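Structures given as structure tokens follow.
One chain, chain A, links the two complexes that follow: it is found with chain B in the first and with chain C in the second.
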Partner chain A sequence: MPATPLLELRGIDKSFGPVQVLRDVAFAAHAGEVTALVGDNGAGKSTLVKCISGIHPTDAGEFVFDGRPATIHSPRDAAALGIEVVYQDLALCDNLDIVQNMFLGREKLNGIVLDEPTMEQMAAETLAGLSVRTVKSLRQHVSSLSGGQRQTVAIAKAVLWNSRLVVLDEPTAALGVAQTAQVLELVRRLADNGLAVVLISHNMNDVFAVSDRIAALYLGQMVAQVKTTDITHAQVVELITAGRSGGLGLTAEPGQGRNGTDGQPAGKTAGGDR
Partner chain B sequence: MPPGPSQDEIRRQNLGALLRHVHVHGATSRAELTTALGLNRSTIGALTADLAGAGLVSEGAPKETGRAGRPSPVVRPESNRIHAYAYSIEVDRLRAARVGLGGVVLDRRELDRPRGLLVAEAAPLLAGAVKEMQQHVPADAVCVGTGVAVCGMVRRDDGLVRLAPTTGWVDEPIGAALSAELGIDAPITVGNVADVAAFAEHARGVAAGCDNVVYLYGDVGVGAGIIAGGRRVTGHGGYSGEVGHMKLVRDGERCECGSRGCWETQIGENGLLRNAGRPGAQGREALLAVFDAADRGDARAGAAVRQAGDWLGFGVANLVNIFNPEMVIFGGTMRDLYLAAAAQIRSRLNANALTACLEHVRLRTPKLGDDAALVGAAELAFERLLADPLDIG
Partner chain C sequence: MTTTAVQQQGPAAVTPAPTIAGHARNYWSRVRGGDIGGLPAVLGLIVLCTIFSIARPSFLTAGNFANLLTQGAATTLIAMGLIFVLLLGEIDLSAGFASGVCAAVLANVVTVLGFPWYVAVLAAVVTGVVIGTVLGFLVAKIGIPSFVVTLAGFLAFQGIALMLMEEGKNIAVRDEVLVAIANRNLTPLLGWLLALVAVVGYGVTQLLRQRNRAARGLVTDPIAVVLARIGGLALILGVAVFILNLERSRNVLITSLKGVPIVVPIVAVLLVIWTFVLQRTRYGRHVYAVGGNREAARRAGIDVDRIRISVFVICSSMAAVGGIVAASRANSVDPNTGGSSVLLYAVGAAVIGGTSLFGGKGRMLDAVLGGAVIAVIDNGMGLMGYSSGVKYVLTGVVLLLAASVDAFSRRRSAATGTR
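Now for the complex of A and B:
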């Protein structure tokens, strides 16, 4: 694992009018790893992702991508760096087939006509590279696919462009057990193929099944970013709901009679749930 | 001083190394082979010609590299021509496949196995499946051997299934029964399913490049295929890896092996179905129904899955402390349990394993999926060919 993160954010602030949504957020995503981004509704997960993908400008803070300072003003800037986002609604067109969807808006041309053979081959190679065996024909309409297959196509679309960082927003929400399992294996494979993956999820099983690091947001603050080997389920739930857990998370507020810590990850703690 | 290896031995070894490389990595250019094997270009050319002459590989048009210089021809395994038969004997099903050089499943048959089916009854069924497949084999194809994966303890010397508690087999010579049924003299290699699945994932799956691996395979019981320092851990007689019979509870639930408190009484099919309040049910479908019910909010099923996950993490922590693997693979029913209860498994593992053993361990599901048993059984059969490529037939 490379020691320097592929994407590093420092001191990100973001307000919508009088409401401060992100305050002094630090976040890192490493190549070859899945970083799970967890937090309660309204904690700022989606806003943070929209800052990463260039939809929202940030008020303050710095971006470092691949060791170099970067500025992201628009989704185009993010795409140029190799950042792709798969949103919950997937943004697929039901009336187009898999290949057309994967290249939508970025079609390959041969002269003035579409280069269908090349696009089909690239789509096939991408799906094969992800060991996807559930899709039978690349020319079937997306409307005929199951929820898990749609998610697979949306993810394959995101990795087609030599992307280096893929953000997945709740990819297993609304899927059954078998399809969730397939999507989780796909998420893991993306990282094992060398990409940096950011996984937003409310499902603790999904988080623990595939992540290497867990980043917890609480009311707009990044309260902990720790390795998945150093934390338990109960601690993550405490971080999400209370912003602190044992030595992890927010410093205890003065006057509460608790010894505050410096807010740094305390490494392997003695399993606070038992 | 012993004499050095003869020209012939060196050549045989190099042929084996080259064939193994294309068998594991697929089509490879001669230039890449030169680098990978550390042999010079003319040697690679001569070895390739020998293997092509024997019909084991073919040379094809070079890949477009887009770089300057003369493109190098690509060496491919003759997957359609050179093949092995692979069998997988599981608790609820029998599978047979024709697997080509390079680990490609070319054809397959699957049969239900009623629980309690004996070897004498299973062998004709499997032989029938193979005879059916043989009718579709191209005329010039060559079969190089047969491998069998069994969910039971297999004696290394002769492939005798000593004990398979979940299938009810005791001292069953499955290899000999299959040879007799198929009318072939060539030895049939038999291995434990977890061992061969680990072998396959190590060769061409998720654990490629990992030298220390624990592959946990769940059918009804649970076994492990263990690779330590790049070698398969087989034990003295070939029976090692029976981790499902680790005693974790003193005087606990009765196990099918006759003892009590075995790990698989908590994480295996019977334990999970018992805890979910479905003691009469059996089989993979019944197990998947529990995971599905848990996902839909059935409290009892959910509690059973979480409990099994906790026990799975408990045992994996012990294995991680003992073997210090870089990867633990969850296969068979353990895959479904891992993905359904990862929060419990991870939490228990993190709390129980030693930090030094834990910090680099990766938890993964198999890349080859359910095919690992068949591909691994075929690997057993290919071993002889890879040891001496020109001695086929």
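Now for the complex of A and C:
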């Protein structure tokens, strides 16, 4: 496991008018790991993701990407760093086929003509690299795909561009049992292939099934970021609903707020005494 | 290597040997799934032509065939532009009178002001571009629904056309070149030559594409299907040119009348250009994307407003071209040019051809197929001696049929998940 995280956020503040949505948030995502971002509705998960992807500017705080300070002012900056976000509503065009969707907005050209063979080849390679065997033809319209297959296409679209950090917003929210398993397997494979994966989910089973770390937001504050193996189901639920659980969370003593293995700030209190 | 994420390289694509049976099965399952494309229009054409030729043998003459083509040309050209707008799920109700305004500009420039024909054509097309830009701006930037914007345009352009013709005088178009567009024919030899160029051009691009894909190990259509397509085009063009090259004059001693009407290659060239734009360029891909899912297109970095404005520009410019052809055919422009049923016929042509009113689905060829259906109804009913009233009713019924086929195939594709 690499010692320094691929992406590290420190002291992120974000307000919309009088409402402070994020308070001094610290967050880290490591290459080769799945970091689950959990929190109740309104805890600030989406805002944090939008700050990472450059849609919202942050009020204060610093980004460190790959060991170097980085500034992300627009989605373009994020894409240039290799940060891709797969949104909950997928953003696929039903009337286009898989290849066309994967390259939408970034089509390969040959002169002024679309270079279909190259795009089809690259799409096939990417899907093969993710061991996706479930789609019949790359020229199928997306409207003919199942929910799981659509999610697969959306994820493949995100990793097509030498991306290094993929953020998945509730990828299994609308899926059945079998398809959820399929997508979680894919999420795991992304991390095994060396990407940093941030998984937003409400489903504790999913979180414990694939994540290496869990970061819990509570009312705009990062209350804990710990290894999945060091925490129980019940503790995570407590963190989400009450912001604290035993030694973890808002009122934790500084020493116990850290998870102890890699010394990253784990909570408001721990972050506060930096 | 496309991504750092890919560690093991799978086979580029599993390439099952293409078979004709498999191809036919695929096609049939697409049709059953609601992706019927131009099938209803083609079937409708066959049925209508059969009925009319049995009822009125004069329908099936070379002279009437040539007539059909020039009658349907203006509608088809306007429908081509409308398809771009329909692909975004928008509508342009002003296209008919926009063509009228552009025709009025043409007639004024060439007849009243006495400029050469190419200046007049340029002025007409520029007028179309300006109209489209204004409509597109109001729709995309101000955010008024296209239905309302173009309904206002429908009224306003009618007025502008009237003013350009000083309250209703008609203006003659006598320029040789302009009149030739819809009233003169190519020499028989030139007709054959153009048909040959079209077939060879189509064949070469198809075969090159086939070879390119096969060389990269991608799925290809069976070669027999590709050859059948090329052969089919050759057959259709060959028969059409042969018939049009027959003598159509009632009395050869007075005048000889044969060859492909000049307007036919004009429509054909525009068909090829716009098909290329829609299917093979980044712009065309973005038009489909915006029509399919505007939000997805926006997130993919596509400038949605620019695309929305551009389709109105294309639509009004094609309306200008349609107006020029209409002016040429009538040898004059009057306040009713582009009025009455022109717009509805053009929308009808696009929808009958298979373009969806819901956006995201349609091809350039739809305009030609649908335009042919409309022209055949118009022409055949006229020959049968029915009144305009009956004609309108039947065209309305056909349009309704086409729209129900569209709605039905949408439901069907929603149910089966194919499109």
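Everything that follows uses one rule, which is that the second predicted complex is superposed on the first by the 251 of 274 C-alpha atoms of A that agree within 3 Å, B and C clash if a C-alpha of one lies under 4 Å from a C-alpha of the other, contacts with A are read in each partner's own complex, and residues count from 1 in each chain.
We take it that contacts are C-beta pairs under 8 Å (C-beta built on N, C-alpha and C of every residue); 3 or more make two chains touch, one makes a residue touch a chain.
Bear in mind the structure is a predicted one, so any value in this text is a computation, not a measurement.
**Q** What does the overlay on chain A give for chain B and chain C, a clash or a fit?
**A** Chain B and chain C fit side by side in the superposed model.
**Q** What is the angle, as a multiple of 10 degrees, that the CA centres of chain B and chain C span when seen from the CA centre of chain A?
**A** 100
**Q** Quick check on the superposed pair: does A:A78 touch chain B, chain C, both, or neither? Answer first, second, both or neither.
**A** A:A78 contacts neither chain B nor chain C.
**Q** After superposition on the shared chain, which partner residues are touched by A:S137: those of chain B (first), chain C (second), both, or neither?
**A** second
**Q** Which touches a greater number of chain A residues, chain B or chain C?
**A** Of the two chains, more chain A residues are contacted by C.
**Q** Could you say whether A:I98 touches chain B, chain C, both of them, or neither, answering first, second, both or neither?
**A** neither
**Q** With the two structures laid over each other on chain A, which partner does A:L22 touch: chain B (first), chain C (second), both, or neither?
**A** It touches nothing on chain B or chain C.
**Q** Touching A:E120 in the superposition: chain B (first), chain C (second), both, neither?
**A** After superposition on chain A, A:E120 lies in contact with chain C alone.
**Q** Have a look at where A:M204 lands relative to chain B and chain C in the superposition and call it first, second, both or neither.
**A** In the superposition, A:M204 touches chain B alone.
**Q** In whole Å, what is the nearest CA distance you get between chain B and chain C after the fit?
**A** Superposed model gives a least chain B-chain C C-alpha distance of 9 Å.
**Q** Both chain B and chain C contact which residues of chain A?
**A** Correct list for chain A: 131.
**Q** Can you list the residues on chain A that touch chain B in the complex?
**A** Listed in rising order, the residues of chain A that touch chain B are 131, 176-178, 180-181, 184-185, 188-189, 192, 204-210, 228-234, 268, 270-271, 273-274.
**Q** In their shared complex, at which residues does chain B touch chain A?
**A** Going through chain B, the ones touching chain A are 206, 288, 291-292, 295, 335-336, 338-347, 350-351, 355, 358-359, 361, 363-365, 367.
**Q** Residues of chain C touching chain A in their complex?
**A** 1-13, 33, 212-213, 216-219, 280-282, 285-286, 288-289, 291-293, 295-297, 299-302, 360-361, 413-414, 416-419
**Q** Considering the complex alone, what residue numbers of chain A touch chain C?
**A** 75-76, 87, 89-96, 100, 104-107, 109, 112-114, 117, 120-122, 124-131, 137-139, 141, 143-146, 159-164, 190, 193-195
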